[in-house]
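Below you'll find the structure, written out as structure tokens, and then a few comments.
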């Protein structure tokens, strides 16, 4: 299957003092995929996606997105190019309503520059925001102040903000953490729906979610890629079992 | 005057200023380090120390050193109690919110200033030094008391350092500083630690005030400059870092003295102020602070 | 004639119909107006430095003003009207002072304003007084008035300005102390008056200024500035103000030791400060300018004794019964005398109310001077109606046994310089 | 009715009342109100940065002074007509704001407070140091020729109380409406997003440095507008407008009125100004009253008066 390359990294590294959190990673992601990244705690998963999104600066190596070298671009520029990132720890505007939260994201997509030429009215922004919120099932909570939402709803709001950006690549950092089973089922549907328009890169601990969603899986261990393949290949991989699955099973 | 004695004098002056600054700024730094709040009334605690020294000198009969020693004990104690009361009455109730703390301590600053103005009057009040001897260099004379300030500051800083590193109190402070909630869960009385830290911070300023007053006179507006300079020192030194604070105090004290060798006084002030601003701009974590990212 | 009726703006009738919010804001203002109507009094606005860096002066200016007012009222007031002081704190702050001037004019409806000391406060306030057409009598020593910077409403009828003080001192300094002078002064307007005028005056005597050291107003520690004093210096001329003054003088003494050059200071450096304290022992034998001698001299006039008693100051210039509470004796006489100068002008113009302001000011301009008296205890004055500035004797005193002894009294002529302006050509 | 519409109507209502007050109040209070309006403009500028964008500056006196000196010196030395001098003041403070903003915004939180404080302190000392030009602490008084100007054939006299009030009122109204526009819609949303969560905002594709810089510049320029207006209307420029106290002033006004509320600065300025004015004649203890008030506010109304009202009863009062 000759997928078009969406994102690739070469020699990507990030060191914190002596610690190599991400070490010389070559990684390729095709357009339209749902890719999961798994690995034991401290394997460098979050750091790795932070390097992709530009939250952290790489110590060495390159990140290429749609054929363009984005290594030196700050995070917000990468977002504008279509890399959206949702946080592992819920990171929303607690004092604003749901609609206002998502509107910030919608505004970013519709009118990234206030002096921009495209004429976008407030109504359009709010309309788009409401649409994204509705996709995540938050349609009837638009006027609720985000800080008062239940935890599960806050996670969904986090994803809704990513969605409202209409990214080409949506990076989800442990999105199902703390969600109930029924919420997780709903969430899987959401991800599939997002995948109709965007590539999804998912850090996930819940193997059930990984196995049912991911087309391919990349396994990170101690900052390096240990294995990569389809869910079936990964389940059969001994090295992975040793390094990760055994640990996860405890 | 030739350049060599000039530099000697500037260095001596810089050291004295650095000593007073170290004590004052350490108070601010300890408070900021543990509680993450900026106490704008810090300069007023300094002023209260100075005024306290004057009152002690007035009331204590006998030689000047007796009043001075009394002041060194009494003034910080009273200021510490006052600070603890302010912590209990105000800061605790606003949950140490950084902005609210700034505003309420501005309020506290006004109140302290005016109360002192109304009770002790607007005049600058001189206090006798505990001893009076001028060291005569070939080129100029220098007050021995000023050198005593340097020694006293070193002793006090050492004592504080031992307190922070070696004792249970220090451990509690560091634990609270590291993570307030966790500390609370481990049964550390965070409230009392905070009150204690706020009081200790204020007492440092008060001691500096007592030390400085034979040199500088007590006046109800005298807290302004120490406050600004302490701010600067604490930030440049890296927030909450005690070695950084000391290093910054020495650096700023000395550079302030040395800059005045090369520029006219007002221009020297402008230069040193801009220098501080630019250090922060290009090294926001402070000269000695660790980069957070 | 009811002066207050004339003052009321036509808007006042609308006041009755004020809305709730407006009433809340305006209520205190109403009180102020009501007071203005009650009986025939002369109301004098007195903005004093109760707080801020001038507070140690302000306290004594207030005490002096109250004493003088009480005395004037005892003696029957002015033109049969009692004098009422309306005191406001200007915080030694130019901004606030301008607001206070407006308050005096628009709310308190005073007849005149007097008593501002600090020159930067005067500089901000004087133009506003002119706009408000409010007679403004300053007690500041500032040369700005006589240089023509202000307007026809501003007068300085008692204290001599810095320029006069300096040119009358310079010959004595050059004859008795030395010709190579280092100046140390605060780095702001008051200091520049000293620098500019003294440099010119000492050069006229064949001397020179070998260094001038301006010290920032926020400074609290001075030693590091002293190395700038050249070795060739024969006289150090110092003038500092503000709470740091004692530190300044003390550190100067420590720095120089006993072999240093001669010291000539303006008493501003030590106003409200006790002289007989150990830190200042090195000042023994040094000289000071005094506007009015702090210590009662052997040849004290009856006027000075009378004035001391009324203000509550002992023979050492400290408050009666509190030797540590030292007054600003060299300056505060100007408040007393200014009140009497205003009284003289008002009586000359038979002043009854604000519609005679112009007549009162013209009377003031026509005054040639005042004789030494209980009303003018500092001594005789020559008043220049064109420059609105007064000229009087200046005193050079020496510290002897921790007290100031007058060594030389300048003649009034010594303080003269050519007129730099003519306010009488300006319209009211 | 939408929330924004409600707020706009309230603003217009307030403007109408303010305008009407000049026919009702005593002449002293009209003067006081003139000053309140100018200082409110200062506080509104401050509020854009502190209230809406969440950046606490301790150096706004610098921008006030930039406007004051740029306009005042232009008028004093070159005899620039007042209208143009006013524009020069605005432009001057805009330039200063951009330059300081570019530097200061590299820092955050407490460091930002100190950097703004330090720059402002340096600016204050500079006004003293270059006293040959600025007049230093003694300041400069604008000459009589600079006390009136010709606006399309209409001569406006700056020594006339009514004229001054109405000019101050006009500038206040323009700035109020400008602030209304700037704090709503896409622009306002950016500011509030940066205040609420800068990290998240960047990850939503906003260049938060630029957003902050725009807020900073707008805030500084409005502060400078107030400065230019103050200097030209009262005919005096001096270094005390650049001192630390003048930086604390808009902070206090904004906090008392309610940071992040459109009308908070006006309310705070009016209350504090009148309080100090009333008390200063009675007692030197007025600063104690101010101090106690500040503490009481933080204890029981930490969001300021309007902020508390907004949170409890009227969310639209933003």
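Letters are used for the chains, namely A, B, C and D, taken in the order the chains are written, and counting of residues starts over at 1 for each.
In this section, a contact is a pair of C-beta atoms (placed from the backbone, for glycine too) under 8 Å apart; a residue touches a chain by one contact, two chains touch by 3 or more.
Please read all numbers here as calculations on a predicted model, not as lab measurements.
K.L.:
Based on mean C-alpha positions, which chain is nearest the centroid of every protein C-alpha shown?
P.N.:
Minimum centroid-to-centroid distance belongs to D.
K.L.:
Whole-Å distance, subunit A centre to subunit C centre, using C-alpha means?
P.N.:
Roughly 74 Å, centre to centre.
K.L.:
Using the average of all C-alpha atoms in each chain as its centre, how far is it in Å between subunit B and subunit C?
P.N.:
So the centre of subunit B lies 37 Å away from the centre of subunit C.
K.L.:
Calculate how many whole Å lie between the centre of subunit A and the centre of subunit B, each centre taken as the average of the chain's C-alpha atoms.
P.N.:
For subunit A versus subunit B, the centre distance works out to 48 Å.
K.L.:
Mark out which residues of subunit C touch at least two other chains, giving numbers and ranges.
P.N.:
In subunit C, the residues touching two or more other chains are 51, 187, 216.
K.L.:
Note the residues in subunit A that touch 2 or more other chains, in rising order.
P.N.:
Not one residue in subunit A touches at least two other chains.
K.L.:
Note the residues in subunit B that touch 2 or more other chains, in rising order.
P.N.:
Answer for subunit B, listing residues that touch two or more other chains: 114, 117, 264, 266, 269.
K.L.:
Which label fits the chain touch graph of this model best, line, ring, star, complete or other?
P.N.:
Basically it's none of the tidy shapes, so other.
K.L.:
In their shared complex, at which residues does subunit A touch subunit D?
P.N.:
53, 55, 74-77, 79-80, 84-85, 87, 91-96, 100, 103-105, 107-109, 111-112, 114, 120, 122, 125, 161, 165
K.L.:
Where on subunit B does subunit C make contact in their complex?
P.N.:
1, 5-6, 9-10, 13-14, 16-17, 114, 117, 121-124, 126, 128-129, 132, 134, 136, 140-143, 215-217, 219, 221-222, 225, 257, 260-261, 264-266, 269
K.L.:
Once bound in the complex, which stretches of subunit D touch subunit A?
P.N.:
So the residues of subunit D touching subunit A come out as 185-187, 189-190, 192-193, 196-197, 199-208, 214.
K.L.:
Which stretch or stretches of subunit D touch subunit C in the complex?
P.N.:
Checking each residue of subunit D against subunit C gives 17, 21, 23-29, 31-33, 35, 125, 128-129, 131, 135-139, 141-142, 147, 159, 234-236, 238, 240-241, 245-246, 270, 274, 277-278, 280-281, 284, 286-287.
K.L.:
List the residues on subunit C that touch subunit D in their complex, please.
P.N.:
My answer: residues 9, 11-12, 14-15, 17-19, 21-22, 25-26, 28-30, 32-33, 50-51, 86-89, 91, 93-96, 98-100, 102-103, 105-107, 119-120, 123-124, 126-128, 131, 144, 149, 187-189, 192, 216-217.
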